[in-house]
Amino acid sequence: MSTNSGHHYGYYPGCSITKNAAAYGVSTDAIARILGLHLHEISDWNCCGASEYFSINQLPAYALVARNLALAAGEGATEVVAPCSLCYVNLYKTDKNMRLHPDLKAKVNRALDAGNLHYEPDTLKVRHLLDIVVNDVGYDGVAAKVTKPLYNLRVAPYYGCLIVRPDTGFDNVEYPTTMDKLMETLGATVVDYPLKAECCGGHMTQISDTVALELIRRLLHNAAEYQADVIVTVCPMCQLNLDAYQADVNKRFGTNYHIPILYFTQVMGLAFGMTPKDVAIGKELVSADRALTKITAEPPEKPKTRKRDKKALPMPDMIE
Amino acid sequence: MPEEKVGVYICHCGHNIAGAVDVEAVAEWAKGLPNVTVSRDYKFMCSSLGQELIEEDIKEQGLTRVVVASCSPHMHERTFRTACERAGLNPYLFEMANIREHASWVHPDNVQAATDKAKALVSGAVHRVVYNKPLDAMEVPVEPTTLVVGGGIAGIQAALEIADAGYPVVLVEREPSIGGHMAQLDKTFPTLDCSACILTPKMFDVAMHPNITLLTYSEVEKVEGYVGNFEVTIRKKARKINEADCTGCGTCWEKCPKKVVDEVYESGLGYRTAIYRPFPQAVPKYPVIDVETCTYYQTGKCRVCEKFCPTGAINFDQEDELITYKIGNVILATGYDQFDPRRIPEYGYGRLANVFTSLEFERMVNASGPTDGQMVLRDGVTVPKSVAIVHCVGSRDRRYNQYCSAVCCMYSLKFAHLVKERVGGEVYNFYMDIRTSAKGYEEFYHRLLEEGVHFVRGRVSKITGAARQPGEEGKLIVQCEDTLIGKQRRIPVDMVVLSAGMEPRHDAAEVGHLFGISCSVDGFFIERHPKLDPVATMTDGIYIAGVCQGPKDIPASVAQGAGAAARVLSVIGKGSVRLEPVRATIDEANCSGCRICNTMCPYSAIDYIEDLKVSRVNPALCKGCGTCVAACPSQVITGAHFTYEQITAQIDGVLFDVLHQPVAEPV
Amino acid sequence: MSENGKDFDPVLVGFLCNWCSYRAADLAGMSRLGYPPNLRDIRIMCTGRMDPAWVLHALRNGADGVLILGCHPGECHYVEGNYKAIRRINLLKRTLKQLGVEDERVQLHWASASEGVQFAEIVQRATDQVRALGPLNWKRNLQDSSDLAAAAGAHLAHEGA
Amino acid sequence: MKTSNGGNSFLDQVIKATPGGEKLVLCLQCGTCGGSCPSGPDMDYSPRMIFAMTSAGMKDQVLSSNTPWFCVSCYYCTVRCPQEIPITDIMYTLKQLAIQEGRYEQRKASDFSEHFIGYVENYGRSFELGLATRYFLFHNPLKLVNMGMGMGMSMILRGRMGFIPERIKNMDQLQNILDKAKQIAKEGAA
């Protein structure tokens, strides 16, 4: 069975997927199998340049990214899917800027021509893996595969920056909710904490550990305030910063955070009935073992709806 | 080509045209165009001297046609037509070439191109004008009744001015009471007058005025006709109350068990019942039953209001009424909607309980509001010790509205003053620029400085409840760059007020379409001229006043209401209007009676005369669009002033430089 | 003006409705938006008045392209004149195609009174497109504009039916 | 919108090198960017001041400031700017200009960037950007000890760290594309 109907997903795994983010790669493959999602890896794809190449020389950076778009289009893809937010935004930005700026389009294609390639902007839709799961598979499609709901696990969805900014239009730029709904679909208790789309520090760890560790601290502090058992991410960079530098944060600030950082695909796999090993749980530095024991077989009791305080003033409804 | 004596006048418009078009060269060149007797250029053709030039030439040189090349005909066509008429020339023998908006202003850096284009446009007008026919404007009587749409302060002012002059007014208001946004306010800047104290007497005057028919809870549904002779259909929504029996005693809404949030008058900060009168001073005094929320209409049970009404005024079976009026002129004063700050997610409105909009705050500090004037947090109890007021919310922001809403600076200052006066505490105004440019406004700003209000020059970046450092817990943190020191600041406060801007009514485009007027790019109604004709529109007989034309404060709205009324009164006083004689006529002798034109006409102005087997245009109904003219397969319908010959000649004229080239052969 | 070289500068005739597109052009002027000077415009009350014969007349007499601009569908000052224009111009374009006139030479667009920017963009784009096509070449056998008008008229006779 | 007029002021240079950069002239100095920036407090000048300085032609001060290098690329400023200026992209441009103008020697960040792209240009793939460990392993082992050798070891033990990136098959093609792009970029700058 395939849920691909009408889509041909060119899969762009990104450089980190084999090593640092192997858990992301393994769990993505696993849930894709269960969901009947066919992700066709773009053959011989190259690095997107991260944020570094654009800092050095923009035109080669665009050409570097565009090679992947050209290869994917050549393989008949209708969209390119990236699990990494940084890869995603680079692919998205290249397609968009080539579309909006004919001069850039001409220059990039002159460069691609040296490799006998060509890319016509707008040929492909660049999308994040989360977008595919919540919009193409859909919440109902996900719910249908849930066999072991994650009852009573307090999950803090962490979106970070680049999946929603600058202008991908897939979710709210300041207060995204798609992953919240996905986690609810899996049976988890969603922690709606304010910093869910704030920055993890990105490459700041290389430049100023003072700045980077403070940014990571804020996120851990906020998630801990809201009693999250686990933070769930959509990007290898976010996962790395929050996971690998958590010990440094504790040392620097005298704190004692122990919040495991998992990929959304890993917790999906668990809810689909896979073992932690199936979804590469154990690769994280801050172990998720303790958090996962919180999962219960029975759903949590529905909190009693508190009667409105008579004196309180009405609140505006949120726009959906 | 007919032989005529054409006078051509090229306007410099100071540097506006002469800066990009070689006007002398165009005037000189035009002398060589067929039929041209006189060709001149002049600094300002619209000046009295410019107009006299035309008049003299008509008289002395015997001109039979006149062409002026200057600005848009929407600007000065009337001016020059009148000049021709004064000199005894039929005004429709005049033609205008727009070499300013369509040439000099759009090709400013290319004198050659702008001049060539000006020549083409002049040539088009010269070729066309010789085919123009003298036409007589139709003089039609004006209905003395004026329709005013919108019962806010601008509409109230307009209605009273006209009614006081002795003419009938129909005032239509969508809500159950007149008063508009001004009725929601507590104090008005900069004098801190009580809003209700100055508004209520005017509302009462409207209710009592013998010349005003007040239709609240009503909307205009259909508009037909033309200036002086509109026929307007108004839907008077069923109040479910027999007004004749109702005393406005209030028993019904005191007993009504159904409470809902009042999104209109209380701006969502308070509740009302399903049967309600929006506020104590409402005009008229009668309540309405909101059938969307009333338990009886939803479930078929309840009727509590009916049980308790001492006069038996509740009428659940009352139906909407459609009323038709003959109307001479219309004044639209439909007001504004407040910008919805939920659209700016970083400000947290709707998520963070203690972030309020400015209208919520107005209701809160209003003695007749949901908190009886107590300044409290969303819990309804806690008095804030510190308040942040955020300027420019939804204004001066290309993501939402590029324009400045003009009133927010001043009402933000008023809020700061009220906080200081009522609860003391710290007040922070976050601003980009403080704009206080009217009488007494800057002085009010200085007064606030003396009161110790903090002014932070920086647009707020975000409002969050996420504490980062000690002192921030449990507070709202307002984060911005204080641009005067170049540093990021996080200021913890108890309450945030978002000074939300003004937006066109959500249905402004539809209302505009109903009355045949347009909206500008920001969505407000377009005035006829931004400086010299701010209350008229391009459609004769339709005027605009107040914020529906653009953001403005109360004094400016009142002035526009009175201004629009004055314009209408001058039309009524004259008793008749002249209609453009741009009408279609059918040459009945050659009409085949196919009736295609009958179905084409959007105004059903063409009747089929069964006896004669021909179609005939009713000139009173015809608006001159010309659709029938183009559709007639026998080509026997003439569209006056836009005839086939006139436009064809104009095409030849604009193609003057390529017209006589041989047609290129195919390859 | 060269007829075949790169420096070909097309002449476009524009028909602008009085209520929307003429005012859009005025607004473009008031906003000092630059656009190519190739368009020579003629004001009509409504695109519903647009006589296809005028398009033919303009093309026959030296215009390289014709632009017709009206109010947006649903916003016509005369209720639905622009819908009539859509049908008429589409019929005309079919005829023109048979006569070997490229599609881009005759264009129907919408610009409301507030769309000065869009007006300037439309003129820019149309000018570029016609410039790229080069000068207009009629088929040899159809040089008499009255034949053309008759051909168009034959199509239009079916319109009301 | 008024564009750079083809001029060659510093402002024009920045505008020209940024897709959508012409909006820079619209800056109202409101400070939304500086107020939004997660690393704003650590910057020499706030982005807002950088734009004022760019307008004023203070090229040296702008290009030697740490501001663009401290940009974490979170795009908060970009999505909140009321004038829709692509601020983050302008920061990328400033980094690029700083390198071109040789104003970056003291900047650890640019050094790191160049190290990173060295891998990309030779292998077509890279290592994990956030792994300072590997960078410091080669360049500053002492620093590595401070940053937490434990973390590096843990990463290695969990198989999360490779030392040499994989190499793509058609490396020649990629190199041709990049060489050509660099050549075009140079033409444009000249």
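So that you can tell them apart, the chains are marked A, B, C and D in the order they are listed, and the count of residues begins at 1 in each.
Following the convention adopted for this analysis, a residue touches a chain if its C-beta (ideal position, glycine included) is under 8 Å from a C-beta of that chain, and two chains touch if they have at least 3 such contacts.
Keep in mind that this is a model prediction, so the values were computed, not measured.
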Given subunit C and subunit D, the chains that contact each of them: B
Of A-D and B-D, pair with higher C-beta contact tally: A-D
Averaged-CA centre spacing for the pair subunit B and subunit A, given as whole angstrom: 47
Inter-chain centre distance, subunit A versus subunit D - centres from mean C-alpha coordinates, in Å: 22
Inter-centroid spacing, subunit C versus subunit A (mean Cα positions, whole Å): 50
Residues of subunit D engaged with two or more neighbouring chains: 76
Subunit C, residues touching no fewer than two other chains: none
Contacts with two or more other chains, residues of subunit A listed in rising order: 173-174
Touching pairs among all chains present in the structure: A-B, A-D, B-C, B-D
Of subunit A, residues touching subunit B in the complex: 172-175, 193-195, 218, 221-222, 309, 311-319
Partner subunit C, residues of subunit B touching it in the complex: 72-74, 98, 100-103, 105-110, 113-114, 116-117, 120-121, 124, 513, 516, 518-521, 526, 538, 582, 594-596, 599-600, 602-603, 623-627, 629-631, 633, 639, 642, 644, 647-648, 650-652, 654-655, 657-659, 661, 663-667
Subunit A partner contacts - residues on subunit B that touch it in the complex: 261, 268-271, 340, 342-343, 345-346, 349-351, 353, 364, 370-371, 376, 378-381, 462, 464-466, 468
Complex contact set, residues of subunit D against subunit B: 28-37, 40-41, 45-46, 48-49, 76, 80, 82-84
Contacting residues of subunit D [partner subunit A, same complex]: 17, 19-20, 38-39, 42, 68-70, 72-76, 78-79, 86, 88, 92-93, 95-96, 99, 108-110, 112-114, 116-117, 119-120, 123-132, 135, 147-148, 150-151, 154-155, 158-162, 165-166, 168-170, 173-174, 176-182, 184-185, 188
